[in-house]
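Across the two complexes that follow, chain A remains constant while its partner is chain B and subsequently chain C.
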Partner chain A sequence: MARRDRARRLASRAVQIGFLLALFLLWYLATNVWGVNKLLLPNPISVWRQFVDVLRSGAFLPDLRVTASEFAAAFVLATTSGTIVGYFISRSRYFTRVFEPLLAGIFSIPIILFLPLYVLFFGLGPASKIALGTTISFFPIALATIAGFANVDRALVAAARSMGASNYQLFRYVLLPAALPVIMGGLRIGFTIALLSILGSETIASLAGLGHHIVELAEDMEMSRMFAYIVFVVAMVALLNFAVSYLEARGRRHQ
Partner chain B sequence: MNSTQTASADAARRREGGGLSRALNVSAVRRFLHRHPGVARLGVVILIFIVWEIAARTFMDPLFVSPPSRVFTSLGSVWDTSGVPAALRITFFELAVAFAIAVVTGLAAGLAIGLQPFARRSLMPIVLLVYGLPQITILPLFILFFGIGPPSKIAFGVTHGVFPIVITVVAGVQNLKPILLTSARSMGASRWQTFRYVIFPHMIPSFFAGMRLGMSGVLLGVLLAELYVSTAGIGYFTQMFTENFDPTKLFGLIAMLAAMAILLNEIVRRAENHFSRWR
Partner chain C sequence: MSAGDVALSIKNVSHQFGETGEAQYVRALSDTSLDVARGELLCLIGPSGCGKSTLLNVIGGLLAPTNGTVEVSGRPLRGPIPRDIAFVFQEHALFPWNTVIENVRLGMLFQGVPQAERDKRAKRSLEAVGLADFANHYPGQLSGGMRQRAALARALSLETGILLMDEPFGALDEQTRMILGEDLSVLLSRTEKTIVFVTHSLGEAVFLADRVAVFSARPGTIKKIIRVDEPHPRKPGFVTSEKFTALRNELYALLHDEIRKAVLESAHGGTA
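Now for the complex of A and B:
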């Protein structure tokens, strides 16, 4: 039985690797043999060379610094405002019933629509990106905070109260540990969409940043270098997601 | 805890009310609001609009912010701006086509992947991997491949919408109890019959949940591509209104688009509720 399981797992791994290899082979053949226009699809080898060059020369650093600082500012703002607002709404069942559907309703609108407004208010610089990233990731964080605190088992609260817990103790030892996993889920979503919306708003209207640099390269028709930057950003986001998943899994285990 | 708090608050209010009709009215209003949170929600929204109105009329720069009353009255003039109705039509068309393509391909791919355990095990990680990538970075490529017209917006909408549909369809098929399939087969159901009477009805709720997620994906993709580059769609007009410092029209256009998004989301959500009722 175990052997068959292992054989199966190997087979599906083989399909996955084969799929990726076939994709690369197709890419290679399309550019080198079938002669697809270089302006549409650059050669994988030249993309790789550019990628190594980008990494080695550190040319990505200024743009990375802009994007990273915008992201950090937006995520910190969204986390503090989202958890504080969510916490105060969750303290009253009535407020929860009034505000929760309101927040959920606004969250269902594609907030990227407000980007032109933000560009009008805050200009093309980092401020409009930070504002958009904050707005977009505020909602999942606030909603998760409300859900986390509102669904704490009432029996736990009553038990802690009857044992004479102070407000602080109730928060620190009952409410927070019970709500934290749900809030973490919200932070996770907020993290991802803040990053995406910052890259997105940089792509659409900006002066600097990784998204802006990709657009610049596209407009200059420097395809290999543009692909190299795309690979760089994708790898960076994948690494960040991986790190967050790892931290989340570790946090789960510690509970 | 809360109920005791409100009860004591009610008692306190009754005590200080002391028979005065005004106080009675206040507590009646409070009780009414307590029983109808929806009314209070509406009140909050109205309050926000009033604050916005006052702020925009008194100390905000009219180049950047326009009071809601003026936005509302100018909706007609936004509609009359030459090209705006056509732009909204184009955007709606892009959304509809992208959504249709995303649903059809997402359903087909989801069934193909989900119904076969081997395909699911080997291909699902790839689907999840691709879904997790920041697609926005390849938006310039879409423009390069498909041009600056509607095809690039449709394509970008499809790639945003198709993955959530695939993932939920696969999850829906996966949650099918094996006993149902076994019993259908042991009762002599053909492949088609198994699909039509066992798999299909069980898949409907997750399929519609996927459609809802797919719709928000399609909205995001199409609007991103529209805002990025556009010659006749709404992206062109948002940029024009921004550059002309015409916040009244910009707010109006964004309000129209938000209304369109809300309407589309609501249709899909209603459909989801309707079709998952049989459970």
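Now for the complex of A and C:
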């Protein structure tokens, strides 16, 4: 049984890898054989050379530092404010009834449209990116925190109370472990969209950062190097996602 | 019954949910009085919605009654008293993120039992319910019957004088119920606890109880109390005895009309 599962998993992995290889082959054929304009689509081999050069020279470091610190600041701010606000809203049924739909409504607006306002308020530097990233990722984190704490099985709370749990013990041993998986889901979404909005706003209006540099290269028509930077960002994000998934899997191993 | 032998004294307890005129207004329990003797196993049985679970929550201090008082060993009750009263709930109420033994220890942690004592008592109570080999399993890995055993172990480890059980076997199949009932009778005859046990099952009530309190339809109150004179632990053969059948039939006759009334009311009234 387990063996058949593993065989099936291997088979789907093979198809996935095959799909990616086919894409690369198409890319190669398009640029080297079919003669697609190099300004529209650079050759994969020259992109690879540029990518190796970017890594070797360490040219990515200043921009990575900017983007990473913006992202870290935004994610920490959104996590702290989102979980705290979410927790306090979830404590009152009235607040939950009033604020949960409100937050969900605001979350459904494309907040990135307010980027010009953020730039006006916070300038072209990292501050506007941090503020925007924080705002955007605050909502899914706060909403997940409300959902997590508001939907704790009441039988478990009654059981803990009947055994004499104090308020702190109730939080530490019942409410928190019950809500944590749901909150983790919100953090995951907040993580992704904070990164997305920061990279995106860097490409629109900024002074530095990976998004900024990619647009700069496009304007200088250095397409191979631009693609190399895109590959670099994709690799970084994939690595981060992998790390988060790993942590998440460890966290819920017992459930 | 002299005053010293009374573990629980329920005096003119009524309870209503919501206020008169509100949509969710329900008179769950009406003017109920009852004494439970120390070491006695009392079953509460009655139609759905008759307030037997409400009464259990009132006794446990989880619900403040609208009227009336409950006294535990002569002292009036205000809120849960975990040192004297332990609960076993209908839906086991085990924490799914903790193993069986962690669940058992946690109840004692809430009560401030010292660590070494927690470990000792947890092992002992898991052995008592036959779950020693499953101490490190998570509730999700156990069958329904084993989860209820774990919940029982947690309640036993608290070493309270009073145990309240709210349809603990309600979600289990007939055969598992039967075995758990037999084991429970053996286990409890050793511990000399005072037990109030809510059930829907006539057979379970007769098999386990020293006395069975039959509830009327809503608003519920005690219609009659039936005594079951049979020593604990009850033998499996008791189920097939004439005495058992006669008591079961008596209960059935008492309950039948009330259940009809309850079903009719919920069909018309809509408050299920």
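Heads up, the rule we're going with is that the second predicted complex is superposed on the first by the 235 of 255 C-alpha atoms of A that agree within 3 Å, B and C clash if a C-alpha of one lies under 4 Å from a C-alpha of the other, contacts with A are read in each partner's own complex, and residues count from 1 in each chain.
To be clear about the criterion, contacts are C-beta pairs under 8 Å (C-beta built on N, C-alpha and C of every residue); 3 or more make two chains touch, one makes a residue touch a chain.
These numbers were taken from a predicted model, which means no experiment stands behind them.
Chemist: In the superposition on chain A, see if there is space for chain B and chain C together, and answer fit or clash.
Modeler: Chain B/chain C on chain A - fit side by side.
Chemist: After lining up the shared chain so the two structures overlap, which partner does A:169 touch, if you call chain B first and chain C second: first, second, both or neither?
Modeler: Only chain C; A:169 stays clear of chain B.
Chemist: In the superposed arrangement, which partner chain does A:240 touch: chain B (first), chain C (second), both, or neither?
Modeler: So A:240 meets neither chain B nor chain C here.
Chemist: Should A:102 be classified as contacting the first partner (chain B), the second (chain C), both, or neither?
Modeler: Only chain B; A:102 stays clear of chain C.
Chemist: In the superposed arrangement, does chain B or chain C reach more residues of chain A?
Modeler: It is B that touches the greater number of chain A residues.
Chemist: Under the superposition described above, what is the C-alpha centre angle at chain A formed with chain B and chain C, rounded in steps of 10 degrees?
Modeler: 80
Chemist: Mind working out whether A:177 is in touch with chain B, chain C, both or neither, as first, second, both or neither?
Modeler: In the superposition, A:177 touches chain C alone.
Chemist: Looking at the overlay, what does A:156 touch: chain B (first), chain C (second), both, or neither?
Modeler: Touch partner of A:156: chain C, not chain B.
Chemist: How far apart, in Å, are the nearest Cα atoms of chain B and chain C after the overlay?
Modeler: In the combined three-chain model, chain B comes within 9 Å of chain C at the C-alpha level.
Chemist: Across the two complexes, what residues of chain A are contacted by chain B and by chain C?
Modeler: 158, 161
Chemist: Show which residues of chain A lie in contact with chain C when the two form their complex.
Modeler: The touching residues are 153, 155-156, 158-166, 169, 173-174, 177-178, 254-255.
Chemist: Using the touch rule from the top, collect the residues of chain C that touch chain A in their complex.
Modeler: Against chain A, chain C makes touches at 60-62, 80, 82-83, 85-87, 89, 91, 93, 95-97, 106-107, 109-112, 138, 140, 158.
Chemist: What does chain B use to touch chain A in their complex?
Modeler: 1-2, 6, 34, 37, 40-41, 44-45, 64-65, 118, 121-123, 125-126, 132-134, 136-141, 143-145, 216, 219-220, 223-224, 227-228, 238-239, 241-242, 245, 247, 250-251, 254, 257-258, 261-262, 265
Chemist: Which positions of chain A touch chain B when the two form their complex?
Modeler: 8-9, 11-13, 15-16, 19-20, 39-40, 92-94, 97-99, 101-102, 108-110, 112-117, 119-121, 154, 157-158, 161, 195-196, 199-200, 203-205, 210-211, 214-215, 218, 226, 229-230, 233-234, 237-238, 241
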